[in-house]
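The same chain A turns up in both complexes below, where it pairs with chain B and then with chain C.
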Partner chain A sequence: MPHRTFFWFFFPSGLAMLLFIGLPIISSFFQSLHIEPEQILMEVEKCDPFGCKTETKVDIEATSKLQEEQPLGRFNGLGTYGDRNHLAFDEIKEAWSNSSSMAEFTDILLNLPFYKALLFTLTFCFAVTPPVVVLGFIVALSINTITKSLKGPTIFGVILPMIVTPLIGSLVLFWMIDAKGILGATIQYLFDDPNLSLKSSSQLTWITLIIYGIWHNTPFAFVVFYAALQTVPQDPIEAAIIDGATRYERVRHIVIPHLYPVATFIILICLMDNFRVLEPIIGFAAEGVAQSLSWMIYNDLRSENKMLFGSAGATSMLTIIGVAFLLTPVLIRTWREFRTER
Partner chain B sequence: MESKINRYSKQLIIFNSLFIIVWLVISVFPFIWTFWGSFKVKADFFSRADWMFAVTGVNTLIETGDTSTVKAYVESWTEGEFWKAAMNTIIITVSVVAISLFLGTLGAYALSRSTYKYTFWILIAALIFRAMPHITLVSGYLFPFFQLNVWGILPTTIIVLVAINQPFTLWLLYSFFKTVPKELDESALIDGCSYFQAFRYVIMPVMWPGVVTAGLFSMMLAYNDFTVTSLLLNQQNYTMVPKINAYLGTIEHSGNYMWAVSSVVSATAPLFMIIMFFQRQLISGLTAGAVKG
Partner chain C sequence: MKKLLIALLFSFVSTGAYADGHSPCGVTDGTIKILANEFTTYRIFMDEVKSCAGDGADFSVTHSVDHNKLQVAALSANPAEFSAKLVTNGSITTLMNDNLIRPLDDLVAKYGSALQDNQKIVIDGKIYAIAFMANAQHLWYRESILNDLGIAVPSTYEEVIAAAEKIKASGKMANPYAGAFKSGWNLGQEFVNMYLGHGGDFFKAGTAEVSVNNDKGVAALNMLKRLTEVSNPDFLTQDTNAVKEEWESGNVALMHVWNSGAASLLDDEGDQMIKADTRLANSPTVGGGSKPATTLWWDGFGIATNTSDANAEASFRALLGAATSTEMANANPNATIWLIDGYTPGDTAGPVVDAANRGATPYPSLPYMALLHGALSTELVEFLQGNESAEKALADVEAAYVAKATEQGFL
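Take a look at the complex of A and B:
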C-alpha cells in the first residue's frame, strides 16, 4: 500500500490516539511540574469598641486574579515528585537517620502515602495473579471434559464475573460480605464471633479485595486457557494413552508444556490490568485501609472545587513508570513474534 | 472427542462435576442473590437477625404488604433519575461503538495491508497506549478540558472513550484482517479499483465477524466505564455506573441504599442478555492475541 493511501486510511484513528492518549501523557507531565498557587494573605485591621486587632485572611480577589493569570499554578520543577505525598525524600532521610532498627524504618516508610499505595498495588498484583492462572487452568481442564451440550451455558455462567464492571462486581460481593449480609453473617456464625467483620481490620480487607480480584480475573484466564486447550495436538496424547500414561501424566507432560506461552501471556496481562486497580477499592469502601496508585490519582481529582492537578500528574507519571516495567516483557514478546513472522 | 470422554475414570468424572458445580455457584450465585434481594426492602437485604429474611422477605411483607416489591426500581428510575443515566449510557455506548468501528476498520485494514516497517512501530505504540491506566490519561484531560470549556458534556466523553478504545480495536481487527486473504482485494486492485473501493466492495462484505467481535468489546468498554465517565461528566450527565456510585456516596440517598442495589440489577441485566447472544464472538476476541503465541 502506498504511503499516501496508508496515511488517509490510518489518519482518523491515529489522530484520535495521538490527541487523546499521547497528548494527555505529555499534559500530565507538564501539570506535574506545576503546583497550585498559594493563597495570597492580607492583613486586615479590625476595630471594635474594645480595641483594634490585626487579622490575616485570604485575599480572595488577588488569589482569583492570580489563578486567572496562571491557571496551572506556579512552576515547581520536580518538587512535587519529592514531596511528602509522593517519593518523600526528606521524610525518608529523616526516618533513616532517626530510626533505630530496620523494622522501625520500614514502618515509617510504609506509612508514607505513596509507598503505602505502592505496597498495596504490588501486593494486589502479585497475590491475585498466581491463583488466577492456576484456577483458570483447572476450570478450563474441567469444562473441556464435559458434554458438549452443557458447555455453552456453563461457559456463560463462568465468565459472568469478568463481564460486569469491577465497580458493580465488587458491590455485589460487598453487599454479601457485609456484616448483615449472607456471607458476613455466615462467617460470624462459623467463627462464633458476633463482632467479626471483614471490614474491621486492614488485613481482612486486603484479603477480601484479593479474593475479589481472583474472582474477577479467573474467567479471563479460563477463556484463554480453554481456547488454547483446543489447539493441543491430539497425536502425542493418543500415543501417551497407548503407552499407559495416566491422565495426570498426560496433563503434566503434554498439555502444560504446550500451554506455557499462553500462561505467560495471561500472567503479563493480569499483572498489567491489576496494576491499575481502582474500582474495587471504591466498591468495597476500603479507602481507609487500602489505597492504590490509581486511587491516589482519583482522590486528587475527585473534589470538584479543588483539584490537585500537580499531585495527580506526578502520581500518574510514577504509575506510568511502574507500568513500563511490567510492559517491557510484553513488548519484547511482541517484537520477537513479529520478527519470526517476517 | 466423545469416545475419549468415556475413558475418564469414574472418580475423575465425579470430582470434575463437583468442581464445576462449585465454581459455577461461586461465579453465578452473587448475581442471583443480588437479583433476588433487589425486590426486598433494606431491612431484609441486610438483615442482622437472620439472613433467611432476605429470601423470605419478612420485613418486606411488614413494610409493603407483599413478600417482594418493585419500590426500589420505581423510585430509582423516576425519583433517582436513573432513566437519564440509562439514556446517557445508551447514547455513549452506541456512539462509541459506531465511531470506534469506523475508525478502527479503516486503520486496521491499512495496517494489515501495508508492508512498510512503520506499521510495526504503530502497532507497538498502540500496545503501549493500551497499557496506560485510564486514570493517568484522565488526569491529563481534566485541566485542558476545563480551559477549553468542554468538560462535563457527552461528546467529549464519547471521543475520549473512542480514543482509549482504539489500540485494542486496532489490534483485534488487525489480526482479523490478517486472516482475510490478500488475494481478495489484490485482484480487485488489478481490476482497477482504488484502495478505498477495494475496501468498500470487497473487504466490507466479508469483515462482519471481526467487526462484531470488535464492536462487542467497544460496547463493553463504553458500557462498563467508570474512571472516565465519573471524572469527565458532570452530575447531570452521569452514565449508569457513576450514577450507582453516586447513590452510595451522597448523604441524601443514604436511606435509599436499595436504589443502588436495584440499579445494579438494572445495569447488569441488559449486558448479560447481549453477552448471552454474542458469547462466541466474545471468546474468540479474547483469545485472538493469545493462542497463536
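Take a look at the complex of A and C:
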C-alpha cells in the first residue's frame, strides 16, 4: 500500500485515538501531579434538630478563591505517586529496615493498598488467561466438528457469557453462590459443611472471581479461534489423514502451529482486559477482600467525598505502565516472529 | 438533643394548623429531579413529594443506596444532574465543602411558614437544608426466641453477645446476630457507633488530625469482631437491606439497624409471624459506658447550587410540601420519627428518643469526617477476617486517612 493511501486510511482512526485516548492520558498525567488546594477551615455555629453547637466548616469563599487561582490544584510533583496509597516509598523503606525476615517484609508490603491491589490484579490476570486460551481452543475445536444445523444455536449458547454485561453476569452468579442460592447450597451439600460460604473467606472469593473471569472471557477466545480454524488449510490435513495420522496428531502438528499467532493475540488482549478487572469485584461485593488497580481508581472517584482526581490520575498512570510491562514480552515475541517470517 | 425531645413532646399538643402564606404544593412548571437513598421511608416521603408537585412539573426521583457516592459528581456538573438531594447530617458536609447546595432563606421566607424551627438546618446563620425525620440505629429482637430461652432484653453489647451465644448453643439459629457489616460505608458506620459508644473522639480537638488508634479504638474493634462471630459468615457482603431480608427470613434473632427499618419490617408484606414477634429495644451501651453505641441522624433535603432558580423553587416547594405534611406523617407514624408539626409519634419512636435522652452523639458533621469514614470502610476488613491485629488495622486507617486528607488539602 502506498504511504499516502495508508496515511489517509489510518488518519480517521488515528485522530480518534489521539483525541479520545491520547489527550485524556496526557490530561490524567497532569492532574496526577497536582493535589487539591489547601482547605481553609472556620468555626461556625450549626443548628439542627439535635441542638446548636460550634463546629468546623470549610470556608467556601476563601477556598474557592484559592481554587480559582489554581484550577488544577497545588503542584505536588510525583508526591502522589510516592504516598502511602500508591507506591509508598517511605513505608517500604521503613518496612525494609524494620522487618526481621523476608516474610514479615512481604506481609507489610502486601498490606499497602497499591501492592495489595497489584497482587490481586496480577493473580487474576495470570490465573484467568491460560485457562481461557485452552478452554477457548477446545470449545472452538469441538464446535467446528458438530453438524451444521446445530452450530448456530450452540455458538449462540457459548458466546452468551460474553454478551451478558459483566455487572449483570457477576450479580446473577453472586446470588447463585449465596448460601441459600442454588450453587452455594449445592456446594455446602457436596462438602457436607453447612457453614461453608464462598463469600466469607478471601481465598474462596478470589477463586470465585477467577472462575467468573474464565467463564466471562472464554467466549472471546472461542470466537477468535473459531474464525481462525476456518482458515486452516485442508490439503495438509487430508494428506495427514491419508498418512494415517490420528485426530490428536493432526491437531497437534497442523492446527496448533497454524493458530499460534492467533493464540498470542488472544493472550495479549486477555492480559490487557484482565489487568483492568473491575465489574466482577463490584458485582460480587468483593471490595473487602479483592481490590484491583481499576477498583482503586473507581474508589478514588466515587468515594463519599470530593473526587480524588490526583490520586486516581496517579493510579491510572501506574496501570498504564503495568499494562506496558505485562505486554512487553508478548510484543517482543510477536515482533521477532514477524521479522523471521519476512 | 433536648430540642428533639421538646419537639416530640410539643407535637402531641400542637394543632398543626397551616399558617397563612404561599402554599407550597401545586407546582406549575420547572423540573424536579431528586437524588435519594433507597429505603421504604424515603419512598413514602417521595410519594408525598410527587403528589405535592402535581402534574405541572417534570418530576423524577432516583433512589440509590450509592447516593453518597453519586452526589458530588452529580451536583458539581453545571447544570447539575439533580435539582435536589436528600441529605443527612453525614452527607451534607461533603456538599457544603464544595458549595454544592444553596442557602434556602428566601425560599423559606416565601413558603416555609408551616416549618418548625428545629427542621431548619442553620449553618453560619443561613438555612442550608430542611430536615423532616430523625433516625438512629438500635437493637431489634425476636421476643418469642428470647422468652423461650429465658434471656432478658440485652442492654449492653456484652449481653447481646451472651444472648447470641445462648441462642446459637440452643440450636435455634446458627447465626443469631446481624448488623450491616458490608465492607464500605456500612462497616465504617459500625465502627463509628462502637467507637463513640466507648467514648472515643475521632480527631484531636479543633484539628483535622485523626486519632483512632487508641485503647478505645481497639476495644471497639474487638467488640465488632465478637459480633461478627455470631453473625452470618457472609457479613462482609451484607448491607442494611440484606440484613433486613435475613430478619424477614427468620434467620436472625438480634440485630442493630435503623429505626426507619420499621417501615418495611413492620408492614403487611412478608411473614406475619415474624412481624408479630419483632420488638424494638434501646441501643445497647458497650464497655461500661453510659452513652448508647449509636449515632443520631436527621434526614432532610438540600437544593443544588448549580440548578436554575426556577427549578430550585419548584423542587423546594414540592419537597417542602411533603416535609410539612402532617397527614403523611400521621398516616405513617411508624415509618420513622417525623420532625413535622402535628405529628403524633407511633410506638416505634421509643429507641431513638431514648438514645437522644441518654446522650448519644449525633454523627459528626466535620468536613473531613467523610475521609475518615472512607478509610474505615476499607481498612478494617482484614482485622475482621482475622488476618491482622486491631492496632495494625487502626494504624492502617490513620495512614490511609492522612494520605487522603493531605491530597484534599486538610492537612
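Keep in mind that, in the parts below, the second predicted complex is superposed on the first by the 270 of 342 C-alpha atoms of A that agree within 3 Å, B and C clash if a C-alpha of one lies under 4 Å from a C-alpha of the other, contacts with A are read in each partner's own complex, and residues count from 1 in each chain.
In this section, a residue touches a chain if its C-beta (ideal position, glycine included) is under 8 Å from a C-beta of that chain, and two chains touch if they have at least 3 such contacts.
Model, not experiment: these values are computed from the prediction.
Within the superposed three-chain arrangement, the count of touched residues of chain A is higher for B, of the candidates chain B and chain C. In the overlay built on the shared chain, the residue A:307 is in contact with chain B and with chain C.
Contacts of A:85 after superposition: chain C is touched, whereas chain B is not reached. Once the two complexes are laid over each other on the shared chain, residue contacts for A:178 go to chain B and to chain C alike. In the superposed model, A:297 lies in contact with chain B only, and not with chain C. Residue contacts after overlaying the shared chain place A:14 against chain B, while chain C stays out of touching range.
Of the two partner chains placed around the shared chain by superposition, neither chain B nor chain C is touched by A:62. Looking at the shared chain after the overlay, A:239 reaches neither chain B nor chain C.
In the superposed model, A:110 lies in contact with neither chain B nor chain C. For the contact definition in use here, the residues of chain A common to its chain B contact set and its chain C contact set are 178-179, 301-302, 307.
Contacts from chain C toward chain A in the complex involve residues 1-4, 7, 66, 68-70, 72-73, 89, 91, 93-94, 96-99, 118-125, 131, 134, 174, 182-185, 187, 206, 208, 232-237, 296, 298, 339, 356, 362, 365-367, 370-371, 373-374, 378, 381-382, 385, 387-388, 392, 396, 399-400, 402-404, 406-410. On chain A, the positions that touch chain C within their shared complex are 35-39, 41, 44-52, 55-58, 60, 64, 73-74, 76, 80, 83-85, 91, 111, 113, 178-179, 194-195, 197, 199-202, 284-289, 291, 299, 301-308, 310-311.
For chain A in complex with chain B, the touching residues are 1, 3, 5-6, 9-10, 12-14, 16-17, 19-28, 31, 71-72, 138-139, 142-143, 145-148, 152, 154-161, 163-168, 171-173, 175-176, 178-182, 185-186, 215, 219-220, 223-224, 226-228, 231, 241, 247, 261-262, 264-266, 272, 275-276, 278-279, 282, 294, 297-298, 300-302, 307, 309, 312-313, 315-317, 319-320, 323, 326-327, 330-331, 333-335, 337-338.
By the touch rule above, chain B contacts chain A in their complex via residues 2, 5, 7-9, 12-13, 16-17, 19-20, 23-24, 26-28, 30-31, 33-34, 37, 45-48, 50-51, 54, 102-104, 106-107, 109-111, 113-116, 120, 122-129, 131-144, 147, 159-160, 162-164, 166-167, 170, 195-196, 199, 220, 223-227, 231, 241, 244-245, 248, 260-261, 264, 267-268, 271-272, 275-276, 279, 282-284, 286-287, 289-291, 293.
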